[in-house]
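Here's the structure we're looking at; comments come further down.
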Amino acid sequence: MTTRQQVAEVEGWFTLDGAEPRLLGLRCPDCGTYVFPPRAIACPNPECPATELESVELSRRGTVWSYTVNHYAPPEPYVAPDPFEPYAVAAVELADEKMIVLGQVAGPLDGLAVGAPVELVIDTLYEDDEGEHVVWKWQVAS
Amino acid sequence: MSRQGPSGQASGLARRHSPGSLALALGSGGQVAVLGVGMHPWGKWGANFAEYGVVAARAALDDAGVSWSEVQFVAGGETVRNGYPGYVAGSTIAQALGWNGAQVSTSYGACASGSMAIDVARARILAGLCDVALVVGADTTPKGFLAPTKGERGDDPDWLRFRLLGATNPTYFAFYARRRMELFGATPEDFALVKVKNARHGLANPMARYRKEVTVEEVLESPIVSDPLHLLDICATSDGAAALVLTSLEFARRRGIADPVRVAGVAVVTPSFPNAVIDMPNFATDSAAAGGAAAAGGTPGRLSFRDSIARAAYEQAGVGPEDVDVAEVYDLSTALELDWYENIGLCAPGEAEKLLRDGVTTLGGRVPVNPSGGLACFGEAVPAQAIAQVCELTWQLRGSASGRQVERARVGVTANQGLFGHGSSVVLTR
Amino acid sequence: MSRQGPSGQASGLARRHSPGSLALALGSGGQVAVLGVGMHPWGKWGANFAEYGVVAARAALDDAGVSWSEVQFVAGGETVRNGYPGYVAGSTIAQALGWNGAQVSTSYGACASGSMAIDVARARILAGLCDVALVVGADTTPKGFLAPTKGERGDDPDWLRFRLLGATNPTYFAFYARRRMELFGATPEDFALVKVKNARHGLANPMARYRKEVTVEEVLESPIVSDPLHLLDICATSDGAAALVLTSLEFARRRGIADPVRVAGVAVVTPSFPNAVIDMPNFATDSAAAGGAAAAGGTPGRLSFRDSIARAAYEQAGVGPEDVDVAEVYDLSTALELDWYENIGLCAPGEAEKLLRDGVTTLGGRVPVNPSGGLACFGEAVPAQAIAQVCELTWQLRGSASGRQVERARVGVTANQGLFGHGSSVVLTR
Amino acid sequence: MTTRQQVAEVEGWFTLDGAEPRLLGLRCPDCGTYVFPPRAIACPNPECPATELESVELSRRGTVWSYTVNHYAPPEPYVAPDPFEPYAVAAVELADEKMIVLGQVAGPLDGLAVGAPVELVIDTLYEDDEGEHVVWKWQVAS
């Protein structure tokens, strides 16, 4: 099996570092507020006048706030495998950032529960002629 | 004495930071009359949305005993999935009724669009800019999941959440359902019981699309869509339309209606930072890192977005949850109805399942919720649904909700939440 | 004495059939203050519309000396050509500024969207429901002709007019221009002169996209798009944003601003049947066959739709066209500006060319029109443009329109018309 | 040259009768108001309660209220010939119906002027594999 070209399905939202991938967010230098995805026009804290936020890597580990397993193929623009396979999505709390970030769940779902520790991985979203389209996912920490 | 407009004592009280005093300042002057209500039955009819809107508008005008040429203001709730005509619901339906020179508006706030249109019409009447307003919402919906419009749109968060996560609407509903199970011991049977209750409520409602009893077993045996939610836990999408004729209390009096159902509060509110609960269509919540004590997922003592919605409408109306006789809330999923019990103050967090199991929210109970049958029996018709909630409460407060009447209902509340930070709640009194 | 709300004497006067009495009844109570204005420069910048909106909103807040957390209501003008985010301009821009819990609305009325948002915010303030409102419109526009969204949409009149007729927007503008030539002896040179005037007006406007003198010859030598209109007779489309901070007069007074520019009238009106002039995107006018005397193409003595628009705003404000010192009108085409002179009452039908040639509507003349440079210098940014007109008039009425100031301007009027029967006009006074 | 299949580009808006084609509209039996295109939900006269309108053929002749010649190809969904050719669109008053109806102008443009008499014809909008797509047009009356 040959290794195929990895294509980040969205630009600038995560690093492709194999061992220690990171989500890329923003942080307000004035008030400490974090932002994900990294697309703020200004600091989202209404009491804060800052307009220039700095790029930061977010925590790689968090705990599951909630999750679900989807048993039906979503509509486009989701690229569903054929035959369709159920997939899990988790809402994960990051302690330092004090925020929740969504992601699909990679790997086996054993141990997936509210409060379970998870860590960030980069995993296949779908494949096509262009290569292996990848995205960040959460994986139950061992 | 001449009218003061916004100056003088009253406006000083109408500050956002002391909304409670608003109702005291305005008294019944802050109210408008619901003189007429009308709907087009929900279903899958295959016609243009304007056709449904005209039927609902004419029904509301007939109900009010008001002619179309008396209408001075048209407030439309907009739909966005059907090409241009939907975008301009107000003027499209005004044209279909026949141009009468009225002022017009069209409002968009996702599922809160209908309440936004009510809010716009109410303000115009309270400002003395008109006496008679027609509020109308109508929709023709596609089959299946609500999906973003076509094309490659990497700038659009609503497109990206489908592309990158497959995060459908039921995905978010399932997050909330799972939280209830985890925090409060809710069970899939509890969720199913909401469907059973609402299906029974809707049996006698001629406007409902689904009029058929459902058992707990049928819900639990229906396919799982987004675990723990089954197909029968999640509402469908429908065609439908609803309309209101809102007037000043003085106009109602002149028509011999001294005691109309009144709109006493309308909240179409955005969240307060940091919004710590994940909402459609977002990838993440706000960060509470700047707030010191605040934690992700919500902080005890701080009002969540969903808690703030009905609260704002109650404060305008000068009533509290303890005064509520009947409620219509957005049961996009069965589990979400339970969240709303708590969000609108019918019980403390974690007590919704007990309220449901004890029959408190069933017809005959202390405070029936979704006597219309709710979204469970209607399926959602986005710009019409929040208006339909007000139609139902109007019938309830008039005592004319045949076959599903809540006894002696005097105060009703609606609640819903639309994408992109649109909370909405309407308080009706009589 | 407590506030009366919509009841009592005032509302009885606010009938559609006697709008003239409204201003008398409300007096200055029917007015709100324009405490702050702000814009993002027009151009082709390639950014997201919300970014422009935030810049304009912050500029308006700074100008007003009001902090974002004081804003109780956000009224957005919606754009429909850029995916979901545009649809929800109000909440999208509120979120970008940081959720502050404000009530929110988003309005759509095609080119009248901005005025509709102003109207919604004004009513809320006049109703005493809030003291401070932010009105904002922002757009990112595609290149070339405005075109309907993709797909086969045989139900959509706006799609069909392109498919069946190739009836672009300039097609309709050309109909009106040709009528002026035929009825009033207008010439292509007259139309070009409008461009020359507006190009000169816009030279000193830092918000304008095009700041360059143009000659009559350059207009006439530019390619013909829709005969008799040349490329330089027709406005471009632009990115841009404009915002207002509207407050109660009492709030302005508390901030030490006793004599603010005031919004004295806002009309967002639909036509009266039969609408006898062909309007975008229609295939036909209404039929006047039921009316006996009325004829197609308009009847002498009966107010046309376009004539009714500013009239409604004047009546609210208690002023007339003879009081107007300065106007901003929608010069989608040069010829259309001439129509507006007559529609807003600056002269009788057929006299617009003379008004123009005599310099009456040029800076230095009796009633300058489009001192900002108009759409000729801006290019249209749909949901922002009607708000931008109000920004310009506010600067004019403050006496701070540097390099393009109309002397001693006290009364200003804006006018525009949006697809699907949305007329809009705002009267500002000081 | 073979005769190709004629396809009405929109259903129910006009007859394909070669010699005497007609636009199809609606007429209110109560107040006499006409409607084109034939798509009203109810009578557009706000003073009239009628909801059932009757199908009628509109006048074949009218006079030009205004017109233009377009020198640039419109965007989709217009199907423009390649190379593009300028085309005229006229707004035509129908005396009996007291309304204006738009249409492209067929044939030579000589005599096209405000007030000129025109008559209805069926003419090619564009051609493709399906056949000759036709639509109503106005033609300067001889």
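Chains: A, B, C and D, in written order; residue numbering restarts at 1 for each.
As a working rule, a contact is a pair of C-beta atoms (placed from the backbone, for glycine too) under 8 Å apart; a residue touches a chain by one contact, two chains touch by 3 or more.
All values reported here derive from a predicted model rather than from experimental measurement.
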Shortest walk length in steps over touching chains, chain B through to chain D: 1
Farthest chain (mean CA position) relative to chain C: A
Separation of chain A from chain D, taking each centre as the mean of its C-alpha atoms, in whole Å: 55
Rounded Å distance between chain C and chain D, as computed from the means of their C-alpha atoms: 32
Approximate Å spacing (C-alpha centroids) for the pair chain A, chain C: 44
Contacts with 2+ other chains: residues of chain C: 48, 95, 98-100, 148, 150, 157, 159, 273-274, 286
Per-residue overlap in chain D, given as positions that touch at least 2 other chains: 44-46, 48
Chain pairs that touch, as defined at the top of this document: A-B, A-C, B-C, B-D, C-D
Chain C to chain A touching residues, read off their complex: 48, 50-51, 54, 68-69, 95-100
Contact footprint of chain C on chain D as seen in their complex: 9-10, 28, 31-37, 44-46, 48, 65-72, 74-80, 87, 89, 91, 93-104, 113-115, 125, 135
Interface residues, chain A side, partner chain C - complex: 40-48
Touch list for chain C against partner chain B, complex: 1-12, 14-16, 22, 25-32, 48, 72, 74, 78, 80, 82-85, 87-88, 90-92, 94-95, 98-110, 116, 119-120, 122-131, 148-151, 153, 155-159, 248-251, 253, 267-275, 286, 308, 312, 419-422
Residue ranges of chain C touching chain D (in the complex, touch as defined): 144-145, 147-148, 150, 152, 154, 157, 159-168, 170-171, 174-176, 178-179, 182, 223-229, 273-274, 276-278, 282-291, 294-297
